[in-house]
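Here the chain labels run A, B, C and D in written order, and each chain numbers its own residues starting at 1.
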Amino acid sequence: MYKQKSKLNLLRQKIHIIIYGTNTVAGRLFDLILLGLILLSVFLVMLETVKGFDVKYHHELIVLEWIITVFFSLEYLLRIYTTNQPRKYIFSFFGIIDLLAILPMYLSLFFIGSKVFSVIRALRLLRLFKILNHPKFTGQSLHIQQALRASRGKIIVFIYFVLISTIIIGSIMYIVEGEENGFTSIPISIYWTIVTLTTVGYGDISPATPLGQFIASMVMILGYGIIAVPTGIVTAEFSKTNTDKTAPEKQVCENCGVGNHNPNAKFCHRCGHPLTLE
Amino acid sequence: MYKQKSKLNLLRQKIHIIIYGTNTVAGRLFDLILLGLILLSVFLVMLETVKGFDVKYHHELIVLEWIITVFFSLEYLLRIYTTNQPRKYIFSFFGIIDLLAILPMYLSLFFIGSKVFSVIRALRLLRLFKILNHPKFTGQSLHIQQALRASRGKIIVFIYFVLISTIIIGSIMYIVEGEENGFTSIPISIYWTIVTLTTVGYGDISPATPLGQFIASMVMILGYGIIAVPTGIVTAEFSKTNTDKTAPEKQVCENCGVGNHNPNAKFCHRCGHPLTLE
Amino acid sequence: MYKQKSKLNLLRQKIHIIIYGTNTVAGRLFDLILLGLILLSVFLVMLETVKGFDVKYHHELIVLEWIITVFFSLEYLLRIYTTNQPRKYIFSFFGIIDLLAILPMYLSLFFIGSKVFSVIRALRLLRLFKILNHPKFTGQSLHIQQALRASRGKIIVFIYFVLISTIIIGSIMYIVEGEENGFTSIPISIYWTIVTLTTVGYGDISPATPLGQFIASMVMILGYGIIAVPTGIVTAEFSKTNTDKTAPEKQVCENCGVGNHNPNAKFCHRCGHPLTLE
Amino acid sequence: MYKQKSKLNLLRQKIHIIIYGTNTVAGRLFDLILLGLILLSVFLVMLETVKGFDVKYHHELIVLEWIITVFFSLEYLLRIYTTNQPRKYIFSFFGIIDLLAILPMYLSLFFIGSKVFSVIRALRLLRLFKILNHPKFTGQSLHIQQALRASRGKIIVFIYFVLISTIIIGSIMYIVEGEENGFTSIPISIYWTIVTLTTVGYGDISPATPLGQFIASMVMILGYGIIAVPTGIVTAEFSKTNTDKTAPEKQVCENCGVGNHNPNAKFCHRCGHPLTLE
């Protein structure tokens, strides 16, 4: 009896290593299959919405979808079974995403034909963000996050300024162009302003009066120019973190107190005293 | 009699702290309510211009608008009453904005149905710029302003160059494409050039002749490339101010009080007094 | 006789100072009037092409145009008369522009109604580039030119790469989309590719087949991404010239040979020896 | 007999120098003619697809095309004949491109009227990339490649993030806007998202519901802002390689041969040997 429990425990541990780990061959294989199935399932969700395709291969799509759902369900249950803190996993971000990846298919048995349920399955895609935790990308990903976090304050001030400008310009264009030229309300005018300021320029609404076209030209030049602000902010942060990384800030010569040594310097560049390596 | 005046003075002071200050609980609460009301009032101005909505809730919108106007009016009067320099406030930028925020509603009693009056109320939005004076954002906001001010000269030269190019390209396109392809006049051609150069690209006017399309392609590549110039200018300024910040700001000469020393300076660069290393 | 010639010479010198110089009051006033007239004349050229306006004010426009032309002609003749090297001026860039600014009006007397002649007058605008020689802007303008010249080699390689990619992508899209979807020839397909790659996106031609839309998506992401290359090149140059400017490279301490002093340092930061100011 | 072979060998060597070398006058002339013919042939491919032109000059186009093809064929055969490693050349990237440049014309004799064959000839253009091997551009080209390679990791993470966002936003817009507003399937919605996020904005599909327009506005601001990320990454790399270049590259320790010293280093950072100041 005890032995059997121990055997079960061993199995549980083995599955844990396969599902959660990335160091064993089996673990990596499992990750690869999972990645492939997620991509396949998202691809299926897309194809289902394409008219001609769904009519032709409706049956095959459903069968494939159920196979994937069963696999994901098994994986979900095994994850809960083999972890030591099942509650923590279930209510974690990825735990909820994992549940949302399988729930819609079961619910579709009861609520037939709901388009929303069908599309929620596309959220499985969010599981792909897990890959960014892979050691190969962690450094890169962290560096980007770090630069963005450092420039957050300035970016917020910038977006705040842009949004207020957007509302004011939108209100002015609503008066100038009026409803007969497609600026049917202030919210629509603001939508047009954002389309123009960000240089997207659909052309579904475009100014028709000379004054409107003049203001629009100013808005375009403004939008073309102020892109320099967020770019400048983020670039300065990237450059800074680059510099910080290459410069060992704490290595100071014991003899003369000079810092700013080369990353792999062994002797002080001013007095020639040996440096103690940290 | 004297006591009563003193009491009144005390009340005035208390209100002053609530309205102008941001350090007390009441002051912060007042700021929050004000912020909410400004947003609500701007939201109302927007909704009023949406056809279906205005017809349905016309009465409710008017009532809400009057409540907000009365609150803003009270706030305006209290600001004048509690400040020591009422004239300075009234003719300050934010003083005028505060007045423009309430005036249109009273004027609309006499001049009924003016769309312009209605929309001027959207200028209340400008009051939101006050938030950027909040200590949390001042630093960030100053940094952006500083970088933009430093690059102002170069940006003006750049815009000057772009505007002249715009007029010349517009004139050429007017000759090349002509009125039959939508380039009905030089101002319209210039408008098209700005739309193209800033990569907005509405498509309301687009070249139809091979030569016109060739010139348009050149303009697009030009516009795509020269965005690098303002971005480069602003980014260089951001990087520079960044570097200035990381330099030890606190090392000050004990003898003459001068700062801004080299990172590894041993002697003051102004008086030659030895610096104490921190 | 001699005296008269000397008097004439004096007048010639005086006019020279007014026309070519910018230091006297009269010289600056002359420059301002000239600037105003150039702007007015370009504005007139624009207005003439606006249908409704030209019909209404045809007579007034012609009269104004002749006044400006006579003034420009006088200025042109005086420039030739007062300079010491008339040949050099006549065949210089601005000399030719100055001639082109007046010639079309006289030619229009013989060749009536030519639109091209009329628009050439817009080249007067090029005279405005003279302003960039003004001491206020020279520094800024030089800095931009310097950064662009330094990055010229890399920009050429980049544009070369973009142009070849454009032709290849255009050829592929011509095969994929075909004439029925607006891609009527390879040149048109290349035009579409440039419109897409530079993120202008008119929408006059847009892919209709799934494969075409997929390739278009790739082109867009490519175009969105590679803007980083010219921006990066130019920004790096701006940052470099910035750094070069702030660091006085030649001030070296006579006593210990250390450089890298503060711009206004009076004493060496390493040994405290007084610095000799250059 | 031996002499004849030697003579042939000499001829082979001479041709080798002309075809592969760039140092002799003949070699440079050959390169220029080749460059001209490649451009001409690509130009011909383009013109052939223009309807009116092909009808008018069909015969001339064909003759010119055959002349170019014969020249290219001769060049191809001579390249194989004169190189010491014909196999290596044939299966190299440029060897395959050179073959693809002539093959379609011969195949068109058997498979008449195939548009695809005709357009493949445009691949001749790829031969132009050879120019980037020219010493004049190698440095510049390498610098760009180096900066891009250094930022590859971060760019991949960024594109990964953008692609997943694109699919999620596309799915949401498919539900919100629906088929009646042009969002006929998820792939089409994703296509729209990419068009919007990259600020291309064709306008062939554009949101019509208020909620859709609100989400579109958010996507535009997101797209407008995140361009800062790749730009920041690449710019930081360009700045870094720039800085490395300005650092004194030639100061090498006499004792141990190590370089890369601090600008004002007095002792070698590896062995402590005093550095001789230049």
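One rule holds in what follows: a residue touches a chain if its C-beta (ideal position, glycine included) is under 8 Å from a C-beta of that chain, and two chains touch if they have at least 3 such contacts.
From a predicted model like this one, the values you see are computed outputs, not experimental measurements.
*Asks:* Can you check which chain pair, B-C or A-C, has more C-beta pairs in contact?
*Replies:* Taking the two pairs in turn, the one with more contacts turns out to be B-C.
*Asks:* Given the pairs B-D, A-D or A-C, which one repeats the contacts seen at A-B for over half of the pairs?
*Replies:* A-D
*Asks:* Let me have the rounded angstrom distance from the C-alpha centre of subunit B over to the C-alpha centre of subunit D, please.
*Replies:* Distance between chain centres: 42 Å.
*Asks:* Just how far, in Å, is the C-alpha centre of subunit D from the one of subunit C?
*Replies:* 30
*Asks:* From the mean C-alpha coordinate of subunit B to that of subunit C, what's the distance rounded to whole Å?
*Replies:* Going by mean C-alpha positions, subunit B sits 29 Å from subunit C.
*Asks:* Between subunit A and subunit C, tell me the centre distance in angstrom, where each centre is the average of that chain's C-alpha atoms.
*Replies:* Roughly 42 Å, centre to centre.
*Asks:* Going by the touch rule set out above, which residues of subunit C reach two or more other chains?
*Replies:* Where subunit C meets two or more other chains at a single residue, that happens at 187, 190, 199-203, 223, 227, 231, 233, 235, 237, 239, 260.
*Asks:* Okay, in this complex, where on subunit B does subunit C touch?
*Replies:* 153-154, 156-158, 160-161, 164, 167-168, 171-172, 174-175, 184-187, 190, 196, 199-203, 206, 210, 213-214, 216-217, 220-221, 223-225, 227-229, 231-233, 235-237, 239-240, 260-262, 264-274
*Asks:* Could you list, by residue number, the parts of subunit C that touch subunit B in their complex?
*Replies:* My answer: residues 42, 45-46, 49-51, 115-116, 119, 122-123, 125-126, 128-129, 131-132, 137, 139-141, 143-144, 147-148, 155, 159, 162, 187-188, 190-191, 194-195, 197-204, 223, 227, 230-231, 233-235, 237-239, 242, 246, 260-262, 264-274.
*Asks:* Which of the residues in subunit C end up touching subunit A in this complex?
*Replies:* Within the complex, subunit C touches subunit A at residues 199-203, 231, 235, 239.
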